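Have a look at the structure below before the remarks.
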């Protein structure tokens, strides 16, 4: 990272892609008064540098029947099991995020489930992983903010 | 949601978009042996139904200098302040996720910061919101999983 | 209670009523080889003594759309507010049980709600009662036992 | 549940039964200006649909010498033991309610006991079930609300 | 206890003994205008009934070099070990009080030690009892009240 | 304390008084082969030095109708209120012990009550003291050890 | 920090000073086969760069009558008071370390006191600072490690 | 310690050394109007008595790349393992302080690390020591006070 430097043009390209990942490069080019080739080259460069890792679809999970979100704190019997347990967690598709954390828990997960019943099944899957000692669950009553655009814009304004 | 039903073709379109949101519709059409117009119509229909809400760029925050992730639990003085506090939280771009939760905390946030110093500033911003009574922070030592693709594929396999 | 003593016949009558509160007195009489009048007199006596306080219908809350159960611990600003707060809680029909408790919480409630959204509304109603300082919620993933018959039979066997 | 719909008459029948499960069907019929046969048919239909699961006697436990109520949180060694432990718990008649829960505890029970001594024995029974790791008890100082009628009326008003 | 009833004279005798367990019976007799024999008989009767269990010397532990007081909560591996662990605790003279408790701890002890070093040794003795899983210590910074006289007088005023 | 030194005779006198505070001095004298006057002088000296502060009657609280023991942790709004709060606590005769403590609580009390109802009243008295912020109660299920004799003998053996 | 680079000679000088801050520069010079002037220049340079901030005397606090060590967690009413509270804490000489922390506490302090009595006074001083909401204390039973030399050597070996 | 008494001259010598451990004895002598030999003798005497245990260099850890400070609470499986675990902890140079403590933790450590990643490695090293049951980490956002001089001056002013 030390060497790679984004310039003003890169920021503007990212800003447009952040708003809409499917925006055609020709639109970006027109807006920034550069050639579409330049857009292509720069996006490619940012992808090669690993700054752009991809893009992800934002679906409405409620409409797809997945309205239940919970955070599950996982206590391990021993942290030497961390990698093994994370691999097992990774096999459960309903765990969308997992962190190794400080504080009370060893691993902290976010899960999405269809309903209470389904959430129970997922929590039990986590509980039953070898090396997991206990879990503790906190249920989301409302997902109020889930938005990285504010952060991305802020990063480019700061840079 | 009750009325809208996704069929097999919709699932396959979503499956391809999940892998790469920038895939041209003509590529999808070719793969699924349908016309590009059909792809377009169906994506439009899913957007109109609110199932596809958009797409978001996946950046490498570490490479952008934001390697510090923390979860912050917020205690409110009174839950009647919840909406007000959430609006204030929404003004802090470094908070990427916020949930109203059961259990210990009233609101639970995920933040991304440049470093310990920066994290302290963000936590203090949260602490200083009128109506916030106390916060408690848990720091991520490693983001091991952050992947909704496994979930999305699982949803379409289930449907 | 000191003076009132239940005899063997009373126990048998209670045992039958526990199984089915709508069983006709003539059926009880036939089974116990006593007159229906005797059954009537004894039930009346137990009602007057306050031992039988009434009977309640057992509905299937899930089928009625109330599948969400939670326990909510309530912290008061000051226990001198206990009666006032309990009166306010009593106005919320979704709170079916409330206890003044030792330990962490001042008041401990059981609530039944339609879903997560509805539960949030009920928790917020509790939170917003004047004199309530904070609440903490624990969500039921499965109601595994809800049965007083085992207890009642055990009491009469012991007496 | 999806198909079964309660109409206004059903609600009124339930309303009367909620007040007094022993009310004769002829009284309900008279009040609602319908025939006793209709009452019978509709109650039967609600029973067959599983909406009415039965009725339970409300006894005064204090008068029967059971004035001690406690909530016991149970930690399991592993949630794979949940069913086994619940079966063992079910053999203890003094446990009237048990839930699989989120948060701190794996299983959460309500017990009724004669006194402190008796409560200790029951808690020890729970503690000694194979697979139970630890328990934590919260004692009721006063049962302030235990009433499902408010909820039932509210449900029928909402429907 | 049901049958044994203390009368006004008994209360007055107890009141004087509470103030000074070494007061001669002749002094009590003179004060209450009864014979010393009566005092003797009644004290004997209260001892036989088990109401008076003995008397204990109140020493100044600080002056004897025992100024350190702590409360130690003990978690057991399993409550079936309770009696065994209590016997082992009873062998440690520095534990002056021990209770089987509800809530967080299984057993709760009061210890008196010479100093921090000595307290550590005592806590380690408790920790090392077979069947003890963990202990948690709370240190007294000042013994502000240690007085049962107020209670005793209150009891006799109430009776 | 520095200057006052107990010798072997003092220890033996204390040892006998610890066993029975009402033992006549002539009995002590006979046993230790010294004069009753010597016993008197030495006891007087230990009283003057403040080592013997008095003696207290050991009553059977259960037989007196006080079978309920609880520990109550008190949180203060501010420790500057400690003395004031302790004075108020001292007015409640059912609090037999109170300590200023480290850790979770500011003040930690032991109470004796007639029953659950009475305990609730006492806890509410504590809760309602001005400057008390919250209390947390732990109930004794069994007073397994309450004995300072083992400690006293141990002290004199050590000295 | 970016520009300043320590070389092998600097490391060796620091290594010797770490072992004994009072070692004469001539001794260092002799050992490293360089001139005393060079030692002087390099130490000066490291002081100017702020790498060496000074040196501190290691006293035996126990021998000076300060054998009591505790950690005190401080909860603030609001983190906007952090600087103010830290200034007040800085006026208490018995607080030797203070950190703004994540997790349960806002500020975390280490204190050294003469004894329990003195510790209580210091804790009360902290508690009485305006803006401090509550404190929680953890007492050291033994200072087992207090040694930065291992760290310093490790740093220079790594560099 | 009982016998060794520091006089006014000793205090003044210590006061100067506290400010700068490298101050030449001739400077101290000049300031205090005594001979350098006297300074030497007295410092030697304080070293022999163990009051002065040495001196330590104060480095700027941030400048050396060690900007991350955390406190780690360690739970042991059994306190009989305390010495063994402390020896293992002592082999980790990044642990600069470790205490056997009361309260929640058995051992409480302070660590210095290069960054979050490095901290994770150190915490895992602690977690993986045989006999360690679990750890809990609290991260320093800012080291606000780290200064023993105020304490030392206060001690000498008091003496």
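Letters are used for the chains, namely A, B, C, D, E, F, G and H, taken in the order the chains are written, and counting of residues starts over at 1 for each.
Rule of thumb we're sticking to: a contact is a pair of C-beta atoms (placed from the backbone, for glycine too) under 8 Å apart; a residue touches a chain by one contact, two chains touch by 3 or more.
It should be emphasised that the depicted structure is a prediction, and the values quoted were computed from it without experimental measurement.
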Counterpart interface for B-C, drawn from E-H, A-B or A-C and sharing over half of its contact pairs: E-H
Pair of chains joined by more contacts [C-beta pairs], A-B or A-H: A-B
Gap in Å, rounded to a whole number, between the CA centres of subunit G and subunit C: 60
Rounded Å distance, subunit D centre to subunit E centre (Cα mean): 42
Shared interface positions of subunit F, touching two or more other chains: 100, 102-104, 119-120, 123, 137-142
Interfacial residue positions of subunit G with respect to subunit H in the complex: 1, 4, 14, 17-18, 20-22, 49-60, 62-66, 69, 71, 86, 89-90, 93-105, 107-109, 112, 137-155, 159
Residue ranges of subunit A in contact with subunit C within the complex: 67-68, 116-117, 119-120, 123, 137, 139-142
Subunit D-facing residues of subunit A, complex: 70, 119-120, 123-124, 127-128, 134-139
Residue ranges of subunit E in contact with subunit D within the complex: 75, 78-80, 82, 100, 102-104
